[in-house]
Structure formats: structure tokens, C-alpha cells
């Protein structure tokens, strides 16, 4: 059995990518299974999806604990503790990351000696599709190539899954063209195929009774959401061209997340640890003093505390 | 002590009054309505320093009750049957908030077909909602149980809401003498509600009932509720000791009736247990060695007390005034489960279902129960579920079907 | 009569302090969060938010809360009843001397349109009828958003949702008209009702400031432009909201003790200017333009404003 785990941010298409891979494997004659982790994920929040396929009936369910391949839609997830991208990985795991960094630069960034591949899928998408999200077909294509599925099955799978999402034919065709390009940019990887994992016996620790303050779903630390940084959601960051700013406060007024503060000179100060990159401030700035700059990985602090 | 004739419903209202509750969100439903009518009257006259609010549904009523409780008020409310089920999701919500309020449920069978009289499918549907459950046999016990319920609920080791159950009609509308505890003594028994950890105030904000993501926190918090409910067994014992010392009446989690040297034991709950006790007396008079075990606390499940009462018996019959379609009696299953690991477990365990929708339990039915149970004990093999339904009832039913036009004059 | 703002005359009067802190799990560009953030600047921190199931549930997800004030998650259908319990308990505790007056908090219900227009309508009606002293903020993104954009009674005519797809039977999306919640609320005669759109922050702030003078239900219907569900780029949330107002589709108004005043009279751009911005209306323009459906929407807006202007005159 081959187990592929996709990590993305809500809206990037990790779930659809896992379905494309599942359908492609199914159409290639394998037994296949795919599922997302559903929950409270919003556009931008870390999400995961899973595809398994093989020749034998699949007896596993749910999250993949020991993936053969990890496909990461957004390099910022690597440093996001909540995303748990590298969980269960070891030196036999194949890691693919969508990043503008080179494979060598990425390898230096990854703590475990995985088999690392880096490609700038977002760059390809921005260039070819002109959209800043929804790279599901491209991620699915990369994953299918890494696990050695053929292009014809993949092509049908992309067509089916995107059609299922209600995308118009011309959009599907554009996605197919770019997906082919992504498919050809990587090589099939040597896979360990889920062998060799042995589980020890879990040591059971049943919790003891705690007073209701502690033992109830209750938060006493008011306003502690700031401990959770959402800057990693951005594809683009707002950057101020100070001499163009007329100090009008509109960016401050319209920011949904309240991450723009006005300083004493009436200039906006962006809290990049939390700015989600919605670009409202950029759109609404009457003097175009705020501009969008593509995020470069490594430039932002990412710790979810 | 002052004793007077009152219905189970009025006794319930007195329980709330003596507990000096702060807040009563209410919604009418037969056969509970008398309780909130009495409370509304007392609040209006200033005899009870509580705010009474007529809500728009039981769903809203339970939400308001739980929300007021976690704001720091002592809350009482009451419902029945359809109302309990209409509030069902809220029961889980407020037990999850650990809101230690008291809810009286006046048992009434569930629609469809809609009816007004009692059985226990309503209250037992809520058995896993995180509420503790105390089921009362007499009007006096209704009142006393409400006082005990507040003390147990508000204990730091528990901090869970409690349902006190009484049967519709046979208790709710039935008058019998009830001794009213002295209010000053009640205040000694039940200290004022001053929870340190509850309340939404300007200076100590907190978020309650928040979402959790993933099973790790969920399992933890849910398991805490389980531990809290288990703690209630010990807290109930302490509360019963204290209650007995102050008021002279004793309530344990189960009540044994003529269990000494009983070969066969009938297990019952609620008001019907009075009839069961009479049947035991009648059978004993005929030389049959039978007894009765009344389950008073249903949540937490008093497994040890049940095991202790039933070990070594020849046969045990569980009388369920409820039916789980496709399974049988709800309590039978729970009694069976807690006897499994008992080395001296009864030789036979029998399941009887009767009293559905207020169906009359006749003396003859109890005779039938004791006979079948004795036979099962001799044979060493349990029986049931047996629906207690007489040939007479069967004839009556056929008559009704003829009138309804669903059975021909020839009875077919 | 022109409506005059008294407290919030210029943008720099918007309080600098934030009361809904970042780090939330809500979508980038959430119009509902924009509205809540601005509202909270007037409401302050001495607040308990009573939440109904919806997108805002994620604002307090263990172990994080975005609020400096308090929060209680209730159910989808009973947040106003939760507000009732809290308000009553606070009043009781203050009256009995168990809580100092200075510890009192405002009670604010948060509900999406799914909860507000559907399941919680009875509980809201009850709370209004009991003259409960509370705020209600409905963040209206015109669909069940937290479950992935299904039809709600707030969904406007011709919008495509996951459960009102476009097909041969319904080429123009849903045939239902948006439920007129403002008028349903108004029939209860609460002291204050307002519609707001966060693209008009001074209008919004002013209305929350005005509402504070009233005891009883203070009801707010906030336009929550939704990039995820309405299918537009998150950066254009304010522009979408602006077009909703400028086309007249989202009237900015208030009702004080039932008397309605429109707080902003738009010049009324053609509705296409709003519809074209959003993927949920794309089928009205591609592959062919559905002129009948668009005309229908235009006629409804025209009729609304004709009547509104007559009444106001």
C-alpha cells in the first residue's frame, strides 16, 4: 500500500488533490481510498488530506500516521506546529514541498533527513492561471508522478474531480495544461510502501478528576488568540510605501482581523505575525501606498505557540 | 414538623422554594404545569425571592436555565416528556458547562401516539446526557430529593446538573401527606450557592462551552464528566447522612424492601415501586420469599449497591416501565451488565415490561411476575422481555380497533 | 430628513483599541469579522458574547479565545435564550447584593443568518417579546456558511449555493426571495434595530453608540460579505459590501421604536454592478446573460426604494 499525506491551507486544494490522486489510482486499477480531515478549518488554516492505494484491500482508516509521501502545498506549513507536517516521517519518507526555494535550500530547512523535492507550483500557477489559490490539480499531478501513476489516468481523474466541483470546461482545460507541466517536472520516487512500521503497546494514562475550572472546556486567559499566529496564511504581504501614505486610516478601519495599528504619525503598522494576507488594505488604500509582495519562505516568524 | 396533604407537583415546587432558588425559567407541559404555576404564584407574592420567566420553548428554557446557572444563580426548572426531548441537545450542552442546576421531570410517555400518562422512556432517554438522575417514589421523596440534589450538584467534586424524576399522574397529581422541612434547618443542610469559578463579570472574563478541535481535549473533558458523576455516589452518601441527621429521613442510592432471606427479587423504580412493595407483602403472606429493590439513583449507576443487593438470589426480575424497541427494557440491560462480574450472580434474570403510557399494573400482574420469576429461578434460566398485558386488555383493545375500523366485526 | 451622525463624524474617531484580537481561525477577508471588530470597539470588553453555532464559533476554540470579554457557546437555536438566562442572573445577583454593579456586563448574542433567520427565530421573538436588555448581532452572509454555503432563508434570489445549484430546472439559482428579517424584528417593536455594513464604519459605529441609550433588545443585522461563499477575491470584501449598499440591495437603516429611517440614501447603481463581482451570481452572466432574472432583482430593489422614500417623506 502507498500512503500519501497532503498538507495545505484551507482553500489551496489539498482535499481535491487527495481525491485526484485517489481517482487516478482507482482508474489505474488499484484499490484506493481518500479522505480529508474535516473540522473547523477555514480558508488559510492548516488542513490535511489522505490518499491510500494498493493491490490488497485497505484496512486502514482516517489520518495517515506513517506516510510514504508527504505533499506540502505551502512551505510555511513546515514551521507551523499545528500543521504537524513531518509527523511520522523518517529518512524513507518522500517529501514534496511547493516552494520557491531550491531543493537544496529546502533540505537545509527540514530537520529530518527525508527525500526532499521542491518545486514552485504557486509560481507556475500564478504564471499560467493567474490565481493565488486552488492548486489542487497541480499538487495532484505532482503526487501522481511521485507515486508512479501514468498521465492518462491522472488526466481523467483531474477532469472528473474538477468537473465535480462545477468548474467550467475552459478552466479545467487550463488546469490540465499546467498539471501536465507539473507532472513532468518531477520523477517517480523510490517508495517504501508502508513497510516496516511496528507499533509498541500504548501506555494508558487515564486522567484523574480535576476541579471544574480545569476540567471544563473553559478559557480563562482572555484574548489569548494572539498566541496563535496566522501570518503563514499569506501568499502576499501588504507593504507600505511610506511617502505615498496620506494617513487616512482606511486600512485600519477595514482590516477584519485588526492587525493594522496607526502609529503617532498616522502611518499603518502591520502585525505580520497575524496578517492573513486578505489584501483588503491594498485594495482600499486610496493612494496605493500599500502594495502586495509575494511571500518568500523563511522571511516570516511562524511559531504557533 | 409541619405535615400537609400535597401533590407530587406541589412537593416539587416546595423543594425549589425551600432550596431558595434565584431563577426559574418555565414552560408549561402536562403533567408538570402545576409546579411552575405554584412557583409563579409564590414569586409574585414575594414568598420566594426568585425571578420567574415564561420562556418560548423547553429548548429556550433549558438554555436560559443553564446560562443563568453558570452566571452564578441557583436555578430550578421543570418539564416532562416531549418537553424534555425538545430540550435534548441543551441537556448535553449545560452538563458540558458543568451547570449544577436541578430539573424536575414529570414522567410521561412519548409520542407517537401522543398520550399524557406516565412511563419512563422520557427520562431514561436522557440517561446519558451528563445529568445525574434521582427517581422518587413518594411526594415526600420528591421534595427531599430536590434539596439533596442541589447539595450534590453544587459539590465541587460533582458540579453536574441533576434530574429529579416523578411519575406523571400517579405522583404528580396524587396528594399524600408531606412533611415540610423547616427553612432554617434547610439552610444548614444546603449552604448558599456561591460558586467561585462561575459567573460572567467585568473583572474576570472567561469563555465557557468553547469548541474543541480534535479528540484529545474532547475525550478529556467528557471523561471528567464521567468521573464527576462517579464522585456523586460518595457525595450522595454524605448528603444522605447529613439529611438523616437533620430531618430524620434516610435515602440511599437504592432501597431494599424485605430483602432479608428473599429468594427472588423484583427490581423497580419510581411510584410503581409502592405497588411492587404491596405485591411483595401479599406474596410474603403466602409464604413466598420475595423482596423488592428500588433503584433511586439511576445516574450515576449504583452498580456496587445493586450487586450487593442481588448477589446470591435465586432469581431477579427487572420491571421496566419503558421499552427500547428492538432491545427490550432499558434497566434490565443495565442491571444485567453490572451483575456479569458478580461471582454469586442470580441464577436467572427476567425482564418484564409494563405500565407503558400509564397502563395499570394490577395485583395479578405482580403475581404473574413472581410466578414466572420463581420458575425461571428453578430452571436456572431467565425469561423475557415479557410484556405485561392481560387477556382483558387484549379484548378491550380489539373493541377499540373495531370502533376505529381497523378490525372487522369478526375480530379479524 | 437627513440622518446625522452625532458621535462618529470622522474616521479618526474610530477607537484604536482592539477588542477582538487576531489569531482567529476565520477566513481571510471575512466581512462578518470586520463588522464584529468595529462593533466591539463601541461595546468594549465588559461584554459576554452568547454564541449560536456558526462561523463565529471558531472565535473561541480551546485553548484560545479572541475576546477580552466573556463568551458562552450555546446551541444553534437558543442563543437569545442563553442571553436571557445570563441577563436575568446578572440582574438577580446585583439585586441581591451578590455582585457589585460595577461587575455588570453587556449581553451580546452572535448568530449567523442560518441561526438567526431559521432555527433561532422563535427564541429571538421570545427574547424581544420579553423586552430582554441585550444586543443581537446577526452576521448575515446569506447562506449556511460554516457548513459550506447551503441555502438559508437569507439567501437572495438567484444566488447559487451548494443546495440551490443552477440547472435546467433552476437556471437562475434559487427562486426564493430573501426573508425580510428587519421587518419581522420590527413587528416586535424593539427599541432599536439597525442594518449595518462594515464598509460604512462610521454608520456602523454611530448605530452601536446610539443603541447604547436604549434598554431592551438592540438588534443588528450586519452584512457579512463572504469571499469563501460568495466566490470573490478576499481583498474585495469592502468593495462587494459597498456595491451591496450603492445598488440599494442592502439598505442602511435603523428603526427606533418601530420608526424607520434610512441612514444612507444611495444613488443606486444598477444591480449588475454588485452581482458581477461574485461567483455565486456568475451564472446570470455566463454563458448567456439571464436578463429576466437580473431585471427581477432590479425591479424588487426599485420597488423597495420607491416605497421607502414615500414612507420617509
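Letters A, B and C mark the chains as written, and numbering starts fresh at 1 in each.
In this text, a residue touches a chain if its C-beta (ideal position, glycine included) is under 8 Å from a C-beta of that chain, and two chains touch if they have at least 3 such contacts.
Model, not experiment: these values are computed from the prediction.
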item: Pair joined by the larger number of C-beta contacts - B-C, A-B; value: B-C
item: Centrality ranking, top chain (CA atoms only); value: C
item: Chain centre separation in whole Å, for subunit C relative to subunit A (CA means); value: 31
item: For subunit B paired with subunit C, centre-to-centre distance based on mean C-alpha positions, whole Å; value: 43
item: Intercentroid distance (Cα basis), subunit B paired with subunit A, Å; value: 52
item: Numbers and ranges of subunit B residues touching at least 2 other chains; value: 97, 205-213, 217
item: Where subunit A touches two or more other chains at once, by residue number; value: 40, 217, 219, 222
item: Per-residue overlap in subunit C, given as positions that touch at least 2 other chains; value: 45, 57-58, 60-63, 65, 67-69, 71
item: Subunit A-touching residues of subunit B, taken from the complex the two chains share; value: 96-98, 156-157, 159, 197, 204-214, 217, 220-221, 223-224, 227-228, 231
item: Subunit B - residues contacting subunit C, complex; value: 22-23, 25, 49-51, 53-57, 59-73, 75, 89-90, 93, 97, 194, 199-203, 205-213, 217
item: Residues of subunit A defined as touching subunit C within the complex; value: 10-11, 40-45, 166, 168, 217, 219, 221-230, 233, 248-250, 252-259, 261-262, 266, 271, 274, 276-280, 282-284
item: Contact set on subunit A toward subunit B in their complex; value: 39-40, 206-213, 215-220, 222
item: Of all residues in subunit C, those that touch subunit B in their complex; value: 45-46, 48, 50, 57-58, 60-63, 65, 67-75, 77-86, 88-93, 96, 98-99, 102-105, 122-123, 125-126, 129-130
